[in-house]
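Same chain, two partners: chain A is paired with chain B first, then with chain C.
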Partner chain A sequence: MSLHDEVELLRTIPLFANIEPSKLKLLAFTSERLTFRQGQDLCRQGDMGDAAFIIIDGEADVLVENGGKLTSVAKAGKHSVVGEIAILCDVPRTATVRALSDVTVLRISKELFFRLVREFPSMGLAIMRELAARLDRTTSQLTRALGRITE
Partner chain B sequence: MSLHDEVELLRTIPLFANIEPSKLKLLAFTSERLTFRQGQDLCRQGDMGDAAFIIIDGEADVLVENGGKLTSVAKAGKHSVVGEIAILCDVPRTATVRALSDVTVLRISKELFFRLVREFPSMGLAIMRELAARLDRTTSQLTRALGRITE
Partner chain C sequence: MEQSIFRYILRYSRKDQILLVILAVASWPAQYASYELPKSIVNDAIQAKKPYPKEATLFKFGLGFEVEQIPWLFVLCALFLGVILANQYFKYINNKFKGITGERMLRRLRFQLYGRVLRFPQATFRNMSQGEIIPMIAVETEALGGFIGDAFAVPVFNGGQLLVTLSFLFVNNWAMGLAAIALYPVQLMVTPRQQRKVNRLGKERVRHVRALSDRIGEVVQGVEEVHVHDTSRYERADFSRRLGLIYGVRLKIYERKFAIKAFNNLIQQLGPLMFYVIGGYFVIKGQMEIGTLLAAVSAQKDLAGPWKEILNNYQIQEDARIKYEQVVSQFDPAGLRDERLLDEEPATIAPLKGEVIANNVSLKDDQDVALVDGLSVKFGLDERVAVVGQSGSGREYLAQLIAHLVDPTAGSISVSGHDVVKAPEAITGRRMSYVGPGGFVFNTSIGDNLYYGLKHRLLGPNPNPVANAEYEATRSETISSGNSLDDYHGVWLDHAAAGAGEAKQLSSVALNVLEQVGLTDDVYNFGLRGTIDPKSHPQTAEAVLKARTAFKARLDGDAATARLVERFDPALFNENATVGENLVFGTPIGDGFNMDRLGENAYVLSVLEKTGLTQRMVQTGHQVAATMVELFADLPPDHEFFQQFSFIKSEDLPEYQAILSRTDKEHLDQLKPEERGRLMSLPFLLVQARHRLGIIDKDFQDAILKARKVFADNLPDDLRQAVDFHDSIKYIAASNLQDNILFGKIAYGEAESAQRVGTLMAEVVQAAGLHDTVVEVGLSFQVGVAGSRLTPAQRQRLILARSLIKRPDLLIVNDGLSAVDPAGQGRILERLLEAFKGRCLLWTMPNAERAGGFDRVLVMKGGKVVAAGRFAELNGSGNGIAQMLA
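Take a look at the complex of A and B:
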């Protein structure tokens, strides 16, 4: 894929909507594109993480281990960011992310992630919005689950 | 409290650790300090929200309604940020936050919040870290709760 096409593709990702095309070239150069086959893991709970992923195509399952069994707690689709908790909080991966179909991602190293957020506060805001929305959904699921336990 | 004392107090809040004292004066001028008595609500689930709160002193309970009953899903202590989900996601308040002791907060309007995050990416990063850590804790609670349901 040409650099021009790569930049055009990055522009379609809402997270980068407010970043100038000239800066997106930097991102196209410094990020890495990876493809995972259906059933492969983008990352595994408990591993150390040094990158976040932006899903360009496909869908993945977010699985958390519980008593030796993996429970699905969310789905991550096109344009979702996954794996940013480990690099933000310096903790091991909090979930396993498994490809439900063939999944293409942009791998953003920890260093690049922090550089992007510092240079582009609008990207930081978009990530905050995504984290806040996921926290909202997870809290709702938790409340429903606790309701079922105390019924 | 003098402006100097106010700025010194703001400097003790980790969220503002990397902001120059001269900029903290702006924050001291434009934010509002409020005190809630034990049992009072900083915000109520379902209400529209136009501000976030930074707890300067005291502790609050984060409660979520479930079948007419309020369930505690987290505690928010000194220097926590609460109420930012509603302003980030443009949704009604996702939880009721109730003072467990007398609680003093800095009320940050939506407009000021976005201005701070744009001007100080390090503050945006600190908020991302807090959201990520809360998402991690809530996901762990959810996994344990789901484990009890399927036992």
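Take a look at the complex of A and C:
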């Protein structure tokens, strides 16, 4: 896959939808493309994060440690962004992400990520929107869960 | 040291000075003859007032035989030639010997000053910075060398000449003689007085210049603060002020100095005037003959030369005197250590046994504040001792006192019966050691730093006979200058002191010590990036090649690991290497091939031409340049992406933009040659696996492979040494150990490939028995200025290792590991406690947290030891020591 294809792919991701193609090209060019083999961890819960990942191909399992056991809480598939929380707010990784198949990612380093957000406010907005959506999702899940508990 | 420069000169160069005076006097006849002979030639031989043949006379002496005019002319001219030669030869010998004498004395003086710096008490360095010391030894003394050669010869020679001329004058006519020197008293009165002012200003100037260099040194050291606080303008204002001060003083010096000169010249010229006035009056009155007057005028002229020289010399001498006194006075601080302490070499140096006893010890700072206050304590040299005290308790000073880094103001400390103040450093520096916050790493290799504490005395001559003979040849000169007769390149390293029976075993001792301080992994990594010369280390090279094979087998054993490294294969294009590396397919040696600018290399261009690749490379270069310009053009020039990712430096970008805007893809033949070169260099930098520009397709790879073969086959003789071609069974001398084992490129696209390769390589290296060898190679890693290429923690570990390797009976660790993380400190402490069983380890600490493992705990407060004993006894139920400290 060449740079050109990567740019095309990035454009389909909501986070980068509003960024002009030339900047996406720069993003693709300056980020590493890595392959994680099945079973390898993209990141581990508790580690300090120094990069976010955009999954280009393959599927990964998002695992959270619960009483010494790893529980799968979500799946991350093609075109999803993982690991951005840890680099956004400097907290340790909140989950372990493990490759379910061979997973190809673009690895965006923390510096690069922040630089892009600074330089392209639209990207910051997109991230805000994405996080707000997640918060909304989590809140409604929580409300439902609370409702079940009170029942 | 001698307080006056004359005493110093006489003490160390009396014989030379006498010889210089003799040489000066001996040169006088030839000098005189060189003035007089031309006169004889003109008056006697050419003008011939009396008819020839006549008696030959030279300087009014009859020679007792008759000559004809022409032969006489030739004889005199031949004589004149001889005199010229003799005169110049004398001058040459004289100047050379002057230079030698001056330089020897200078060498001696600098050596003595440096020796004194090494004897300075520590307190001196609080008031005197290196910014002051360096120019004193290096620069200020320089001017003295020139003067020392002239110190006696010039005044004696010129004074002699003056006296001789004057006595002739007096004998002929005493009145005229008096007239000739009538104004000397005025000069003798005025000149020194003015000179004293100049001297005072000279001193002031020296002070200002010293302060200036001190300030430069300070700002260089504290440059971080300047940037952090935006004070560069402030600093420049200060510097400008100081330069102004120096200028002002200099100006005053010039005014006075040249006023003195002008005054003396004036007096000089007033001399003839006096003759014309007084002598003329007498001649007209008929009381004196005109001949006498003329003789007096010419005699006065003869006086002028030497008199001027004497006055000149006086000024130079005063200048030198001031400089000398100003330097020497700085090198005589109170508390200068006795020379004996540094030089004494006891017949035997027994291990330290018994006790350390401090008796009523006090230490006061320059403001008379007691840092240690009547402290008395006693502990065994077989005990491990923790000194616990908060800051201000004086714990660090106790450590420094025992190590004899500072002298106690009162009281005494004895270690194994030696009074530390009087014990030679041969004992304190070999049987004891100290690691403090001021530890220093020298700008050399890790190994040299580690072995620094094993080089106390010259143990043997240089084993290389040629180098030794060279040293021996300089020996007598060294003696003449009173310098050190120890050959710096001789054998210094005392491996036996480290417990290594043979020099060869020293490295295994070193490995041991590195392990103790937790530096092994770091040095191992330096070693992997280090190079060896396979010619001098054939076994290592052999072992590395074996490790290369083993590493390959290890990688190939598993599909997951096989992907981590793409090995060099002559038949395949390496996607993780640059196009340039794929073409050259070897390690460049020297500057025959600059991998960043292959497109401008004549031989590479010829290879491209031969393989029909030229056009394609230009096109590709154009494409790469266009992509780079597209990606990076909008970024500010100092953007870090340029450094990290761009093939084109930000400052070169406009140039490429210009090239691109001038020529489009279809008209690349219009490019100028240097533009072509620039464009063609770009594709060589591409790494297929990393850059993913979609330019390096299969077809292109094949073309490069073909070119690779052409490149290797046609390499001209003069470039044959410029490439070490990849060969799986050959050691690559120009590459580091890691690349030699790897023999390929770490894959870009594999997650965590570098770490995984590192782990695998460590396993292979260990299995091949190469680990220690790699660490040894790491010992030759150059640490940079003050160890700047090491982290602070690495520096401190290295400094500790330096103290451990000499196996001291008493080791003092005083805040010497502050940069090491607490866990690391704990591990080191644990290992040292184990290693120092039965020896003395004195460790200072701010609280008792780590004191549990020690045999004895000293609790310090207010400069005194307030409690001493076993940890358990002192600590009682659990916080006894903490209560004592509170």
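The working rule: the second predicted complex is superposed on the first by the 126 of 151 C-alpha atoms of A that agree within 3 Å, B and C clash if a C-alpha of one lies under 4 Å from a C-alpha of the other, contacts with A are read in each partner's own complex, and residues count from 1 in each chain.
Assume contacts are C-beta pairs under 8 Å (C-beta built on N, C-alpha and C of every residue); 3 or more make two chains touch, one makes a residue touch a chain.
The model shown is predicted, which means the values in this text are computed figures rather than measured ones.
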*Which holds for A:T143: it touches chain B only (first), chain C only (second), both, or neither?*
first
*Taking the superposition as given, does A:Q40 touch the first partner, chain B, the second, chain C, both, or neither?*
second
_One more residue to check, A:G124. First (chain B), second (chain C), both or neither?_
first
*Comparing chain C with chain B, which touches more residues belonging to chain A?*
B
*What is the contact status of A:E32 with respect to chain B (first) and chain C (second): first, second, both, or neither?*
second
*Of the two partner chains, chain B (first) and chain C (second), which one does A:V73 touch, if any: first, second, both, or neither?*
first
*Please indicate which partner A:L88 is in contact with in the superposed arrangement: first for chain B, second for chain C, both, or neither.*
first
*Would you sort A:L3 into first (chain B), second (chain C), both or neither based on which partner it touches?*
second
*With the two complexes superposed on chain A, say which partner A:L135 touches: chain B (first), chain C (second), both, or neither.*
first
_On chain A, which stretch or stretches are contacted by chain B in one complex as well as by chain C in the other?_
none
*For chain B, which residues are in contact with chain A within the complex?*
64-67, 71, 73, 84-85, 88-89, 91, 94-95, 114, 117-119, 121-122, 124-125, 127-129, 131-136, 138-149
*Report the residues of chain A in contact with chain C in the complex, numbered from low to high.*
1-4, 6, 22, 25-26, 28-30, 32-37, 40, 42, 111
_Interface residues, chain C side, partner chain A - complex_ = 560, 630-632, 634, 640-641, 644-645, 690-694, 748-752
